[in-house]
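What follows are several structures.
In the two complexes below, chain A is the common chain; its partner is chain B in one and chain C in the other.
Moving on to the complex of A and B:
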């Protein structure tokens, strides 16, 4: 059998998002507005607690010798409970990055809002390749490069809540 | 290995469109009906149904498999839904293969459906919740960010330019001009791609496949049944899939190791030792331009960092030595997530049977593969097919 155009069903409506919003066609919508309260767990709970103190903590697997970040209670490779808690630096290197002009809904940023510069940052003291997702700032995007040394910029202690956002962003040093 | 040989004996699909009038069930019905008609079977000949469909959040229906089951021919039958993110479309035929290869069932209808247009303002928003809720979601990441991040790592590691990568869009969108289901087929130049809006450097708008609605279906049959149904069965001779951890920042994004694991599994099963010579035609997953190249490398169709050279040399054109995405891929035909992966399986099915019409590659290929990828850049799904 060959698939030809006359065999294919499927009707493109040509409707745009605004046509729906403006009620040009009959619509029903649902906004369930659910909320979640997530438990942080054992490993990430400790990670957050240390972030509140302005420190980054990792966990080590003594079998494969990896110092893992974010810390985890089990090693996915050795399939065993991890061993020691290890403080690592709040500095690192940019492993890779992007300069994003869209938000989390893939929408264009409103006029005047600064682009995002998300990056994978390999933290000093963790095993090679152990990176975390965070943002870069206080740097011209044209000056960012892979391998750039960066340091965490912490919120003032009183403003920290025990969240990844206790680090405002990373900046070159 | 102790399993039965399984063939694809029929296929069907809908058009891929930005916003379909049809409901998900209606799309699934149309593709399934066409697949059964294509091989002269009726629903009573189908022993079980495998449904592949991606996040429930697209439809806002928190049981998509059950919701789609009647449209997919599953009324009063054993039905199972499978989901590994973007990898679903090629996982669903693997899932169907298990059912038949195991000896449990003689036939399986595999249906993959996606209707992304239900979700507003943009279905990309549904992906926020795939990120770690404590360490990543507070930064409001989006898939475009992390694909830009991965593309950048790939470019940096192997010294690849955006211009090298843009040629994937040129090739695939052009190939799609010959696909009757295509949503965004067009002739474009490398300059058009590079001049299109930057969404997240290094990703431009034309590096990305569209959001789409659509469905695909195939019929699987055990060998003794397949030979009664058709004189042109296409055998699924190798299947493989593997998952890396969802800690996506703690592996080197320049190379998809999990895909190599999946590919080796499929090649071992199919008795393939030199994939770069023995695979004649390939449909690697191309939701973003760089992914086609990244996946060719993970599939061992060339060395690490070498895929752009094959592209530049014309090797991956339809008339090249290794046609890649002759369908037009997700970049040209469209990307209704699960359905897009199964569209690739259907393309190899048609190509191996010599029934791909204007898209037919020369040289009567005997061995092909389809592949998909997804979740937090962590799953590879691979099917090796022979005529």
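Moving on to the complex of A and C:
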């Protein structure tokens, strides 16, 4: 495994990158091949398939009249099997958001890079509080507010793989 | 709808694939550094707590019983010991079958209270017994990298 200078950032050992790569201290490393395949089931399987087509699908429970997103086969409130598939909009409003100054490895972002702005977006057509955790972009972090109306920015059809990242991000409209 | 809505053909099944990145680089620590530098030279190093009469192998920087510092007590011991327990493994690390069993043993190192888990070599599985005297077979010097596998295996040693 490649030892990068990044790995030592913020560690308390006082070791330098060259101490490791030039063998001043002995190391042991492991790079296990941990692959998995997770059965996405009926509901999430359909949800991902529809994302590939540029559509967001939800599922309704006719008893409590909720439109659930992401779709599920079972209503956890009524304790019964859900009913109809319904397409919902690719617009919504910000339910909650964060301005993240760190990257996915919890390291400080390089200077000049835009902060990550993850948000929970309540999707129009789904019941209140139902939505997607995604990223916001094309907006100044200072201008984001709870309730802001946003729209999905989709990847070009050829690039979509049937993943939540088929939506690149949400932007205000 | 409802219960009838389910996958009825295996070709309909979809899954989400991914890889979990959990790679790491681990330093040996203070005692580990000493120990594996010793291994590079073909030596086993211990630390000793004289108060508790315990000789640690692998060496520790503190006594586990009285917390005394032991770092001024690194001592070389012969790379030999006795089989404390062993197993003949008919599967390799990837789970495939092997006709030639891999012999693994917990070896108590002489003059210490510690031991090492390691391979046994130059011996037939049926000839191994608990209490068998063994000695370390080190790899050639230029093949050593500062790892426990710088010892290729432990092999039988004549009783004295």
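Some points to look at:
As a convention for this text, the second predicted complex is superposed on the first by the 134 of 173 C-alpha atoms of A that agree within 3 Å, B and C clash if a C-alpha of one lies under 4 Å from a C-alpha of the other, contacts with A are read in each partner's own complex, and residues count from 1 in each chain.
The definition used in the following text is that a residue touches a chain if its C-beta (ideal position, glycine included) is under 8 Å from a C-beta of that chain, and two chains touch if they have at least 3 such contacts.
Please read all numbers here as calculations on a predicted model, not as lab measurements.
Shared-chain residue A:3: touches chain B and chain C both.
In the superposition on chain A, A:135 contacts chain B only, with no contact to chain C.
Contact with chain C, but none with chain B, is seen for A:34 once the two complexes are overlaid on the shared chain.
Once chain A of one complex is fitted onto chain A of the other, the partner contacts of A:15 extend to both chain B and chain C.
Once the two complexes are overlaid on the shared chain, A:158 sits clear of chain B and of chain C alike. In the superposition on chain A, A:83 makes contact with chain C only, not with chain B.
By the touch criterion defined above, A:48 lies against chain B and chain C together after alignment on the C-alpha atoms of chain A. On chain A, the surface patch touched by chain B in one complex and by chain C in the other comprises residues 1, 3, 7, 13, 15, 20, 29-30, 32, 36, 38, 40, 44, 48.
Contact residues on chain A toward chain B in their complex (touch as defined above): 1-5, 7-15, 17, 20, 29-30, 32, 36, 38, 40, 44, 47-48, 68-70, 72, 76, 95-107, 116, 118-120, 129-135, 141, 146, 163-165.
Interface residues of chain A, counted against chain C in their complex, comprise 1, 3, 7, 13, 15, 20, 23, 25-40, 42, 44-45, 48-49, 73, 81, 83-84, 162. Residue ranges on chain C touching chain A, taken from their complex, read 1-3, 5-7, 12-28, 32-33, 36-37, 146-147.
Across the complex, chain A is touched by residues 10-11, 13-22, 27, 30, 34, 38, 60, 120-122, 124-125, 128, 132-136, 138-146, 148-150, 152-153, 156, 180-181, 197-203, 213-214, 245, 247, 249-253, 346, 350, 355-357 of chain B.
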